[in-house]
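Take a look at the structure set out below.
Going in written order, the chains are labelled A, B, C, D, E, F, G, H, I, J, K, L, M and N, and every chain counts its residues from 1.
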Amino acid sequence: MDNVGLVGMISIVASGLTIAIGSIAPALGEGRAIAQALTAIAQQPDEANTITRTLFVGLAFIESIAIYCFVVALILIFANPFWNYVITKAGG
Amino acid sequence: MDNVGLVGMISIVASGLTIAIGSIAPALGEGRAIAQALTAIAQQPDEANTITRTLFVGLAFIESIAIYCFVVALILIFANPFWNYVITKAGG
Amino acid sequence: MDNVGLVGMISIVASGLTIAIGSIAPALGEGRAIAQALTAIAQQPDEANTITRTLFVGLAFIESIAIYCFVVALILIFANPFWNYVITKAGG
Amino acid sequence: MDNVGLVGMISIVASGLTIAIGSIAPALGEGRAIAQALTAIAQQPDEANTITRTLFVGLAFIESIAIYCFVVALILIFANPFWNYVITKAGG
Amino acid sequence: MDNVGLVGMISIVASGLTIAIGSIAPALGEGRAIAQALTAIAQQPDEANTITRTLFVGLAFIESIAIYCFVVALILIFANPFWNYVITKAGG
Amino acid sequence: MDNVGLVGMISIVASGLTIAIGSIAPALGEGRAIAQALTAIAQQPDEANTITRTLFVGLAFIESIAIYCFVVALILIFANPFWNYVITKAGG
Amino acid sequence: MDNVGLVGMISIVASGLTIAIGSIAPALGEGRAIAQALTAIAQQPDEANTITRTLFVGLAFIESIAIYCFVVALILIFANPFWNYVITKAGG
Amino acid sequence: MDNVGLVGMISIVASGLTIAIGSIAPALGEGRAIAQALTAIAQQPDEANTITRTLFVGLAFIESIAIYCFVVALILIFANPFWNYVITKAGG
Amino acid sequence: MDNVGLVGMISIVASGLTIAIGSIAPALGEGRAIAQALTAIAQQPDEANTITRTLFVGLAFIESIAIYCFVVALILIFANPFWNYVITKAGG
Amino acid sequence: MDNVGLVGMISIVASGLTIAIGSIAPALGEGRAIAQALTAIAQQPDEANTITRTLFVGLAFIESIAIYCFVVALILIFANPFWNYVITKAGG
Amino acid sequence: MDNVGLVGMISIVASGLTIAIGSIAPALGEGRAIAQALTAIAQQPDEANTITRTLFVGLAFIESIAIYCFVVALILIFANPFWNYVITKAGG
Amino acid sequence: MDNVGLVGMISIVASGLTIAIGSIAPALGEGRAIAQALTAIAQQPDEANTITRTLFVGLAFIESIAIYCFVVALILIFANPFWNYVITKAGG
Amino acid sequence: MDNVGLVGMISIVASGLTIAIGSIAPALGEGRAIAQALTAIAQQPDEANTITRTLFVGLAFIESIAIYCFVVALILIFANPFWNYVITKAGG
Amino acid sequence: MDNVGLVGMISIVASGLTIAIGSIAPALGEGRAIAQALTAIAQQPDEANTITRTLFVGLAFIESIAIYCFVVALILIFANPFWNYVITKAGG
């Protein structure tokens, strides 16, 4: 168990958990917002445009949080400075 | 327990957990959205088109989060840079 | 405890947990959607067609998430690249 | 503690937990759907046919998830490739 | 602690937990369905036949999930292939 | 710590936990069903017979799940094949 | 730490936890049933007899589950076959 | 750490936890029943006698569960057969 | 770490946890009962006497459960038979 | 790590946790009771005296439970018989 | 790792956790009481004086519980008899 | 791992967790109080002054609890008597 | 396992968990705010401007908290003073 | 694993967790307050000014709690007295 193996394993676990845990709240939040949007449309069909526009802006806000997690997960897999350092060391 | 074994095991666990945990919230969120859509249709049958259209756009947003997890899980199984590195090393 | 044993054990646990945990949310989500569909039909019997059609499309979305988990579980049992590697090594 | 013992034990635990955990959500989801179906029948006795038909289709969807878990549990007990491999090795 | 002891112990724990955990959701789900059925009968006494018939079909669905767990628990106690293998080995 | 001691201890723990955990859901489910039955009787005193009959059938379903757990607990104490095997071995 | 000590300790813990955990759900379930019975009496004072009779039958069902746990706890303290075996061995 | 110390420690912990955990549900259940009784009296002052009588019978049922736990806790402190055995052994 | 130290430490922890955990449910239950009593008085000022009398009897029931825990905690600190035994042994 | 250090550390942890955990339920219970009292006053301003009197008696009941915990915490810090014993021993 | 270090560390952790955990319930309880007070004022502006007076007495009760925790935390940092003993010993 | 390192590490963790956990309840409690205040203003615009005044006094009560935690966290970082003692020792 | 490896691994895990856990509450909070905004628009279409303006200001407040977490996660990956120190040391 | 490495690692974890856990409650609390503000505006458009003003003052209170956590996290990364001490020692 040298540094290469350990840093590699930790990166795998961390990237997986980051996106897995990070997907919980955005998905629930979006589900709630969409559900409420549909109720609102049913109540005020005339405002369907305003409602869907506000909904999509809001979903973009929430999606951005999911994307922060996705970005960190991909950085940990493909652009991980700690991994780069240790394989440079190991290969040197 | 060399690096090959450890990185392999960790990748298996991480990929499994990523999709397993990552499926929780999208499925619940979609269930909620669909349930509310059906209520909305029952309340405003005339708006069924607007409602199902908004629903499907919303489901696509949520599904995208589930797909981020699925993508990370498959990357960890089939395109894992850490695994590739260690088996190259071990085979060298 | 060599690599063969460890990778095998981890694969067994991971595949079992993936489908077990992965079944929680889809089943709950589907239960919710169906329950609401029945309420909606009771409220608007005339829209039963629209409602059941929307329901089944929605169930397909949710079922797809359960199937992602099932696919990953089966991959881990029957098409596991890590296992293939280590038994090739051990048999070599 | 050789591979035979370990893989065997892990398979036992994994199969038991897979069906145990995997039974939680389908049973709850079905309970919810049935409960709502009964409410719906009480509200709209004239639609009892449509409601029970939709209910049974829905239960089949949910039951299918429970069956995925049952299938994986039985595979882990009776058609486990990892176990087959290690007893072949040990018997060889 | 040889394989016989370990596989035996694990089988005991796994069978106990399988039925213990596996009883949680079916019992709750059945309780919910029955409770709702009684409410429905109180609301629509004339539909008592349809309601109890739908209830008992639904309970059979849920009971089947509890029985999957019971079956796996009994298999692990009385028809456990892993145990049979290790005592054959130990007795050989 | 030989096999006799370990298998014995595990059996004690497993039997205790099986009935302890296994009692949670049936008791809650029965409590819910009874509570609802009383509400139903208060709402429809004329249907008291139908309601209590449906209630007792339902309680029998739920009680059967508690009894599965009790049976497994007693099997683990008084008819445990693993224990019988190891004391035969130890006494031989 | 010989078998006598270990089996004894495990029996103590298991008997305590069995009744402790096993008391949770029956007590909650009975509390719920009683609470609902009082509401029902307040709503339908004329049905007080039917209600209390149904209540006490229901409480007997729930109490029986608590008694299963109590029985297992007392068996583990005073009629424990594993303990009897090990002290016979140790005393022999 | 001989058997005397270990069995003693375990008995202390087990007796404490038994009554601590065992007090949770009865207290909550009684609180609920009393709260509902007060509501019922406020709704039907004329039935105060029936209500309080039913309440006290119900509380006796729930209290009996708390007393099972208290009895087991005191048995573990003052009439513990395992402790008696080990101190007889140690003193012999 | 001889028996004196260990039994002492365990007694400290157990007594603290017994009263800490044992205080949770009685306090919540009493809070609920009092809250409901106040609501009942506000609804039926004329029954304030009956309500407060029933409340105080009920609080005595719940308080008795808290006192069981307090008694066990004090027994573990000041009248602990296990501690008395080990310090007699250590001092002998 | 002799007995003095261990008993001291355990006493610190136990006293802190006793009051920390023991504060949870009384504070929640009191919050609930006060909240309901304010609602009751708003509904029946004429009964403000009866309500606040009942409230304060009730708060005294709940506060007594918090004080049991505080007493045990202070006993563990300043009048701990186990600590007194071990420092007498260590100082002897 | 001598007694000085260990007792010091434990005191740090215990004091931090005592106030951290001990702040949970009082803050929630106060939030609830204040929220209800505002509702009550909105319903009965004429009783604002009685309500705020009862509120502040109630908040003092709850705050007292938070202060018990704060007192224990500060005692553990600045007037810790166990720490005083061990540094006297270490310095002696 | 001498005392300096250990006490330092523990202080870091404890201070971080103290403020992190200690922020949970005050923030939730304040959120609730503010939310209710806004509802109250919407219901009784004429009482906006009384309401906001009561709100701010209440927020000060809750904020004080958060500040207890912040104070303890800062004491553990910048005025930690245990740390001062050990670095004096180490530097001596 | 030297400092380079350990600090690297810890940084990976910490950055991943920081953004993963830190995304939970902002996403849920935003989901709630958006959902309520849509309801508000449906109730008061004339105030859609005020509502969406208040919504976006509020979302910015919540998003700022998510960004604190993202900032800390990126600092831990790309501007980590602890990592810089240890690789300077290791490379020196 | 010397002090430098350990204190560094602990600081990384603690700072990450502090802001991650510390973000949960403020975000939820703000979400709730904003959601309620929007409801209040929809109910009383004429009071929109008072409501948004009270909202922003309240958000500042809650945000201050999040900022306490952020401050502690940054102190632990960039102005950590424990880290400064150990690198001074290590560099000396």
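Everything that follows uses one rule, which is that a contact is a pair of C-beta atoms (placed from the backbone, for glycine too) under 8 Å apart; a residue touches a chain by one contact, two chains touch by 3 or more.
Everything numeric in this text was worked out from a predicted model, so none of it was measured.
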| item | value |
| --- | --- |
| Minimal step count in the chain contact network, chain E to chain J | 5 |
| Distance from the mean Cα position of chain F to that of chain A, given in whole angstrom | 43 |
| Euclidean distance of C-alpha centroids - chain F vs chain L, Å | 47 |
| Length of the line joining the C-alpha centres of chain A and chain M, rounded to whole Å | 11 |
| Where chain D touches two or more other chains, by residue | 1-2, 11, 13, 15, 17, 19-21, 24-26, 28-33, 35-37, 39, 41, 43, 55, 59, 66, 73 |
| Graph class of chain-chain contacts, one of line, ring, star, complete, other | ring |
| Ring order of chains, beginning at chain D and proceeding to chain E | D, E, F, G, H, I, J, K, L, N, M, A, B, C |
| For the chain H and chain G complex, residues of the former touching the latter | 1-3, 6-7, 10-11, 13-15, 17-22, 24-26, 28-33, 35-37, 39-41, 43-44, 46-47, 50-51, 54-55, 57-59, 61-62, 64-66, 68-69, 72-73, 75-76, 80-82, 85-86, 89 |
| Complex contacts: residues of chain D adjacent to chain E | 1-2, 4-5, 8-9, 11-13, 15-17, 19-21, 23-39, 41-43, 45, 48, 52, 55-56, 59, 63, 66, 70, 73, 77-78, 83, 87 |
